[in-house]
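Chains: A, B, C, D and E, in written order; residue numbering restarts at 1 for each.
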Amino acid sequence: MLVGRVVGTVVATQKEPSLEGLKFLLLKQLDVHGKETGASIVAADAVGAGLGDVVLYATGSSARQTRVTENRPCDGVAMAIVDTLEVNGQVTYDKAGDER
Amino acid sequence: MLVGRVVGTVVATQKEPSLEGLKFLLLKQLDVHGKETGASIVAADAVGAGLGDVVLYATGSSARQTRVTENRPCDGVAMAIVDTLEVNGQVTYDKAGDER
Amino acid sequence: MLVGRVVGTVVATQKEPSLEGLKFLLLKQLDVHGKETGASIVAADAVGAGLGDVVLYATGSSARQTRVTENRPCDGVAMAIVDTLEVNGQVTYDKAGDER
Amino acid sequence: MLVGRVVGTVVATQKEPSLEGLKFLLLKQLDVHGKETGASIVAADAVGAGLGDVVLYATGSSARQTRVTENRPCDGVAMAIVDTLEVNGQVTYDKAGDER
Amino acid sequence: MLVGRVVGTVVATQKEPSLEGLKFLLLKQLDVHGKETGASIVAADAVGAGLGDVVLYATGSSARQTRVTENRPCDGVAMAIVDTLEVNGQVTYDKAGDER
């Protein structure tokens, strides 16, 4: 899995029928210190994430193993809202205070 | 998923039988601001996308989860035509006006 | 999928039994303009491609969806011989005349 | 598979139900000499790894082939604790003495 | 598939039960000319490869399609020992004489 911040959304009216009802989030990937790596991805939302949330996301076939993405042509899913990242005993990200 | 712009097509007469009937699009990947990242891919068309359209595409096994790509040796599919990309409350791409 | 040029072959006598009968092609990846990107891959041949041919290839589990690669430990397959690449209305590769 | 060092953990209370009970490790990827490559990943823990341990991890659908990750939306798993890395007859990492 | 040279081994005593009996090889990826690309991977050995051998390896779910890796959390497998690499009619690697 990877960690990313929700920075926006993608809206698409004309789409493959199996995509109906999915919400598409724009994520910027973060490193272990909570800083952006430069990479971004579009992920389906399986957890009710909002703008600014730091999420755990899965890619590839594993992204189809959630209730909302099962059997859909979805290769990225935000599936958990991160409370804390802790590296070598130091909290590098805390949802309560955001990027410490 | 990733976002890309349709820049062209690939024509191949001599091919694996299971590929018959698929239309192959050349896509240039875009970042969250609608700018090209330098990467490109060939995707099967599952949504009727045309030259210049910005599309949402899936890769890997997830690309075989649409009606047109099921059980085919296809690892990329354009499956939605993007109306808008919105980043931090700003619209960075709008199909109506194209790259704002 | 990606586009590549067949630049050679890999010969291996001592191998996993399920690989028997596959022909392994060395491919150099091409961009949408038909130029080499620097990346290369080994792909099984599902289409009878020859040295110099530009082919469409699939990677990952999708590479096992052809008749010759089914259920084999194969993660890359050349499955179509490209006739033309067309970008923004310009033909950037034509098999008839090769790299225009 | 790849080799990485456990540098921390990710805590997430609000998550997809199928993730319940998994422990998420922050890993920094190591090269064959035991040095960091700059890449990092979040992996589920299938082996009881602790901070500082060097582990073998799998990604993609293979990460769902362990007892703790089966059928879960998990694309990375730490599945073995490395005792030694040996390159050209030289031990480049030894758990007993750590980074020699 | 990709081509790599066996440069070492990984030993891990404490591991997921399904990994029992697999031998883990450290591979350095080679380009079509038989030169190292800088990338490395750990692959299960399905062919009896030894130190210095140049092998063909598969990654992802395809790596689970050999007899030794079936249903195991293995995303890389060395499955053939390369005799020759031939590029544009020139032999760039020959096991008999090694790196010509």
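Heads up, the rule we're going with is that a residue touches a chain if its C-beta (ideal position, glycine included) is under 8 Å from a C-beta of that chain, and two chains touch if they have at least 3 such contacts.
Fair warning: this is a prediction, and the values are worked out from it, not measured in the lab.
Participant: Walk from subunit D over to subunit E along touching chains and report the minimum step count.
Facilitator: 1
Participant: Between subunit B and subunit D, two copies of one chain sequence, what rotation angle (nearest 5 degrees) aligns their Cα atoms?
Facilitator: 145
Participant: From the mean C-alpha coordinate of subunit A to that of subunit D, what's the distance rounded to whole Å?
Facilitator: Their C-alpha centroids are separated by 21 Å.
Participant: Please compute the C-alpha centroid of subunit A, do the same for subunit E, then give the distance between them in whole Å.
Facilitator: Chain centres of subunit A and subunit E, defined by C-alpha means, are spaced 33 Å apart.
Participant: Going by the touch rule set out above, which residues of subunit A reach two or more other chains?
Facilitator: 60-61, 63-64
Participant: From subunit D, heading first to subunit E, list each chain in turn around the ring.
Facilitator: Once subunit D is placed first and subunit E next, the ring gives D, E, C, B, A.
Participant: Quick one: in the complex, what on subunit A touches subunit D?
Facilitator: For this pair, the touching residues of subunit A are 1-3, 31-32, 46-48, 56, 58-67, 69, 77, 79-89, 92.
Participant: Quick one: in the complex, what on subunit D touches subunit A?
Facilitator: Going by the criterion above, the answer is residues 7-19, 24, 26, 28, 40-44, 51, 60-61, 63-64, 71-76.
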